[in-house]
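If you scroll down you'll find the structure; I have some questions about it.
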Amino acid sequence: MEIDMIKAGIIGATGYAGGELVRILAAHPDVEIKWYGSRSYIDQKYADVYRNMFEIVEDVCRDDNLEELAEQVDVIFTATPQGFCASVMNDNILSKVKIVDLSADFRIKDVNVYEKWYGITHPSPQYIGEAVYGLCEINREEVKKARLVANPGCYTTCSILTAYPLVKEGLIDADTLIIDAKSGTSGAGRGAKVPNLYCEVNENIKAYGVASHRHTPEIEEQLGYAAGRPLTLSFTPHLVPMNRGILVTAYAKLREVSREDGSQGLPSYEQIKAAYDHYYSKEKFVRVLERGVCPETKWVEGSNYVDIGFVIDERTGRIVMMGALDNLVKGAAGQAVQNMNLMFGLPEDAGLGLIPMFP
Amino acid sequence: MEIDMIKAGIIGATGYAGGELVRILAAHPDVEIKWYGSRSYIDQKYADVYRNMFEIVEDVCRDDNLEELAEQVDVIFTATPQGFCASVMNDNILSKVKIVDLSADFRIKDVNVYEKWYGITHPSPQYIGEAVYGLCEINREEVKKARLVANPGCYTTCSILTAYPLVKEGLIDADTLIIDAKSGTSGAGRGAKVPNLYCEVNENIKAYGVASHRHTPEIEEQLGYAAGRPLTLSFTPHLVPMNRGILVTAYAKLREVSREDGSQGLPSYEQIKAAYDHYYSKEKFVRVLERGVCPETKWVEGSNYVDIGFVIDERTGRIVMMGALDNLVKGAAGQAVQNMNLMFGLPEDAGLGLIPMFP
Amino acid sequence: MEIDMIKAGIIGATGYAGGELVRILAAHPDVEIKWYGSRSYIDQKYADVYRNMFEIVEDVCRDDNLEELAEQVDVIFTATPQGFCASVMNDNILSKVKIVDLSADFRIKDVNVYEKWYGITHPSPQYIGEAVYGLCEINREEVKKARLVANPGCYTTCSILTAYPLVKEGLIDADTLIIDAKSGTSGAGRGAKVPNLYCEVNENIKAYGVASHRHTPEIEEQLGYAAGRPLTLSFTPHLVPMNRGILVTAYAKLREVSREDGSQGLPSYEQIKAAYDHYYSKEKFVRVLERGVCPETKWVEGSNYVDIGFVIDERTGRIVMMGALDNLVKGAAGQAVQNMNLMFGLPEDAGLGLIPMFP
Amino acid sequence: MEIDMIKAGIIGATGYAGGELVRILAAHPDVEIKWYGSRSYIDQKYADVYRNMFEIVEDVCRDDNLEELAEQVDVIFTATPQGFCASVMNDNILSKVKIVDLSADFRIKDVNVYEKWYGITHPSPQYIGEAVYGLCEINREEVKKARLVANPGCYTTCSILTAYPLVKEGLIDADTLIIDAKSGTSGAGRGAKVPNLYCEVNENIKAYGVASHRHTPEIEEQLGYAAGRPLTLSFTPHLVPMNRGILVTAYAKLREVSREDGSQGLPSYEQIKAAYDHYYSKEKFVRVLERGVCPETKWVEGSNYVDIGFVIDERTGRIVMMGALDNLVKGAAGQAVQNMNLMFGLPEDAGLGLIPMFP
């Protein structure tokens, strides 16, 4: 082990997102994991909780002591329930280590919006201002300078990246945006609850959190920045009988533009494609698919890619935008590592050369 | 076997919808199946194709000879690819037996619309006029008198029933209707194609037929009747890794109405609920769920029910309507039997007392 | 509702087996359910726990009071954890109602064996003697006269029926019997435990309870009766990512017999088939498949059938016996109703005309 | 791209095993893929067939021309149906490139056994002698020197590695060996066949190829070498509703040994464990699990590991051995790359640092 490896601590290492962080960081050439935090499994071998890690990880799980951890590591990932990270944050910690928070605590700039949607009092609103929303493709330069990164949610990453170029370029009427999202079950976490039992999820699909899901204000805020004004949109998540993957199907009215031939009308395929390419052609982790190809979650499974496709519906004047990602990778742990790479000046894709697994 | 049992023939008895017809009719107290048509398996034992029917069905599969069949049975179900039923239909057949066509051949009144979306020339447009669109809850009286019933599509049954009361009552702006539908894989049929292989579907979700799926004009036509004017809407189907079930999530702008307190504004929960109840409270097979309950496909599996729920989103002024059914029962074979019951003067639910199976 | 309907009470009505009892009894022509016992959901609407029952069951859940229940009903089904039924059993109850116990409390005649494998003290061993082991195909006459039926386990029903004729007829060396069983996840119950979460079961298969599963002594006892002497055998259950179904693959050495041509040797296909037919050809719910056909759990899903097939392996001198059933029907609730039918003099298949659902 | 990268060609690159070879080799630090052979998709972009490879693989598919390929590459992987590799093999090719054949053509030393079980005439039996059976953990030194490696089957790799130490050390009576194997559906290949459709496999389990599966003689031959004499055993494969993974549950009578205390009797846990450790403690890709832990396919998914566990059943005198691997990795492509690494003098685990993915 070289002296200048980045030392990482993970709080919440035995949740699904935490487990995925371990999977990715264990193979990262520049990182060594020094702390597997898991309040539920203190002193138990990590590999006894996740046996895929047998003979790969030898450490035991440890408590969630951020103060102590800050002395030992260079970066802390908090893959914890809402409210935890904010409740333990302080100047001392921030002065010593970089933080990538996978919870929602620092994602929303307006603390009132946070408190309304999450139903809790924010314990440390003073850090919201400096926290950088870690959607690397959009906030890359800010992330590079950040001490505290708010890693975006899984639905939000997929929703924002799918719609961002068209909102930003004014090609769609953002007030008509409707996002219908479908997620694999790992997004529900590893808590033992009846609705997440195999027999309840298998052979079943349902919507949930209709008109009330907490990722809504996060999407609205970020796409609002793109639009240059506050937005209100519809977001509906669905639970799908599969382990991993999020598919977003987003609908919006197209705005009339000057067409190539000088007439006013709906934008052409080429104009839409050009907008996506403008923002994403150089982005390694965003793949804008070829004409007519709809993304499938299976094509990105296990990888940090987001696949995006779209279809213009001339009959209705709407566009159907589609995006797919792995909720545990680009939707959580992969993006967290991407953020860490930026924060430490590493190549952005270090440790993220994960090729999607099929079938 | 009593003398006055209804004799039924099934063309396409070895497809998934045909198989479901056999399952339902085999337990129907007033029907005996006399003809298991399956061009692919002629002279093979039906129970060798569907071994669930071992020791239950002893017959062999037979050819698709409608003329001969018309001599022997009282009702013919055609669970066949588009174009077949229309290509063999004639006055002689119609004078002898009742027909329930599970294909799309006679669903769309405007033959030009049919030919455009299906890409085939309609072989017998002269029968389109008399064909009754067999959505029992809406066209019950016409079905009772029909010789030829066009059994609705799976997506369309779910989509129409979910939105119908609100379109009919003018509670939503029908031009803003967006239908995002999710289907189990049996809807894709039993054809041996790579995209329907287990490993391609499992752990995967995708949209398909975006802005071009053939059920679109069928939904538009029927909801257009409800609206009293032609409609154009967005319809996007998705393939879900499960055998059975369709979930429809439909979005529309609510129209302002006179509220209970005399003010103008969005309709209240009670007003929307009353509209649904007005049309469905006496319908056995449509269950309008209680406040806040979202339908799940698993709760209707194996049964002829459609479950409907909705959420008003005050923030966006939209309503989210949700409907769930079993695509092979209420979306195909069950509805076909419901139509047959009506055509023969039987109790509408005869043979359809199927209790949903969970888990 | 007729006066002479059988009144039934279910204790444990909100477990998966209890829910299946409700599904079957709700459609049973001779039964009305009077009591939905569920300690976890007292006073909640049953249909709020199992929404498939919306508008079908209107009752609320009630406590587990057997004394009170005995006053009100004719038969009680106990679908409860081990130890419950035995702990509340007494002469008063048995004098008033018939009991079908779906737990293991009265299945094993030797109380020491029960206490050793289950690790609990049997609270009422005095009733073990009169309890009839409710495997209808084998103990039919005893069941008819019973007050207390011990409904067999899911694995055991499948294992015993698969091997019974060959053990009974001495065609296999019972000491070589190895039973490798595979079960869907509903067999694990509806308890909220991490190992039963969707993401833990999906895309996974494992053995569990190796050399220690509690169904082992039950199989040994019953097949021991068939063999006429005590048996010891190997039984290994596996958890399969599906909701329903048990498949048993059983291996044993064939014993030499007099062949049709007078020589000594392995039994022929016809001899084995004749043994199965001897016991099962008149059994409605046991289907001995045609030569070369291997049972599949999907072909019996939702029904009370057991499908059985076998292959003679000349190379090894072994036979591979295979059996499939739906663990919640023939493996639990369906068999319980079959027992009730026998106990009350009803047709054995009353309410059990469930046709397997495919796909 | 460095000058001394190993150039690889893949024949059958669009099957599931071929696709997995591409996934692994695309990330292998010492290999570049020069030829994506696929007779079905000639001139189509490889990434149009497997869209997970979009923007990762830019090449098109090419014909199966081994002669031409031998001029261009250093190693050829043949992931092709039985008979293909043997039908094109010749001295010229073998003199120019190394071959790793993923088919069964050169796995079985006795050509009569091959022809009997596979039902085809072996087209080039003259190469059977020099072919090395590529089970690296057992034939490592031979593989290093080989020109032609017969890559083992998926079931066989799992079966052999699970039982090998105990057969080799004489701790079990090999004549009593019964192997009950369960496989994910990718093992059935990507051919469009009805039995492999989603709806036929999902919610279903079945045995197939009972007493006749072609992997049987391969297991018998290799374990026969370990036993020092020919063996006959029972092998039964099952199809499980999951994409990847094989679980083997193997049963055998334990032989009496001298116990630690000098007595004769069944071997102790420690003695069995010592046997496994003797062969595997230094093997990176074989993980002998801790006492009481049963392997699960999910814990090895996507990786080259085989996990092995066992339970001694004192009651029956048998041992239950269990092994789990990913059929597309250690059961096919991963092992092929492991063989290639040995043949080219690379670190055996080069490109195989794949961490199992969970969930």
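Letters A, B, C and D name the chains as they come in the text, with residue numbers starting at 1 for each one.
Everything below uses one rule, namely that a contact is a pair of C-beta atoms (placed from the backbone, for glycine too) under 8 Å apart; a residue touches a chain by one contact, two chains touch by 3 or more.
Source: prediction; values computed, not measured.
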item	value
Which of A-D and A-C has more C-beta pairs touching across its chains	A-D
Fraction-based call for chain B against chain A, same above half, different below	same
Whole-Å separation of chain centres (CA-atom averages), chain A against chain C	47
Euclidean distance of C-alpha centroids - chain A vs chain B, Å	38
Separation of chain A from chain D, taking each centre as the mean of its C-alpha atoms, in whole Å	37
In chain B, residues with contacts to at least two other chains	16, 186, 199-200, 202-203, 241-244, 296, 298, 301, 359
Topology of the chain contact graph, where touching chains are joined (line, ring, star, complete, other)	complete
Residues of chain A touching chain C in the complex	16, 185-186, 190, 192-194, 196-203, 241-243
Contact set on chain A toward chain D in their complex	16, 19, 23, 26-27, 50-56, 186, 203, 243-244, 287, 289, 293, 296, 298-303, 307, 353, 355-359
Touch list for chain A against partner chain B, complex	178, 180, 182, 184, 199-200, 202-208, 210-211, 232-234, 236, 238, 240-245, 247, 249, 251, 294-298, 301, 311-313, 315-316, 318, 320, 322, 324, 359
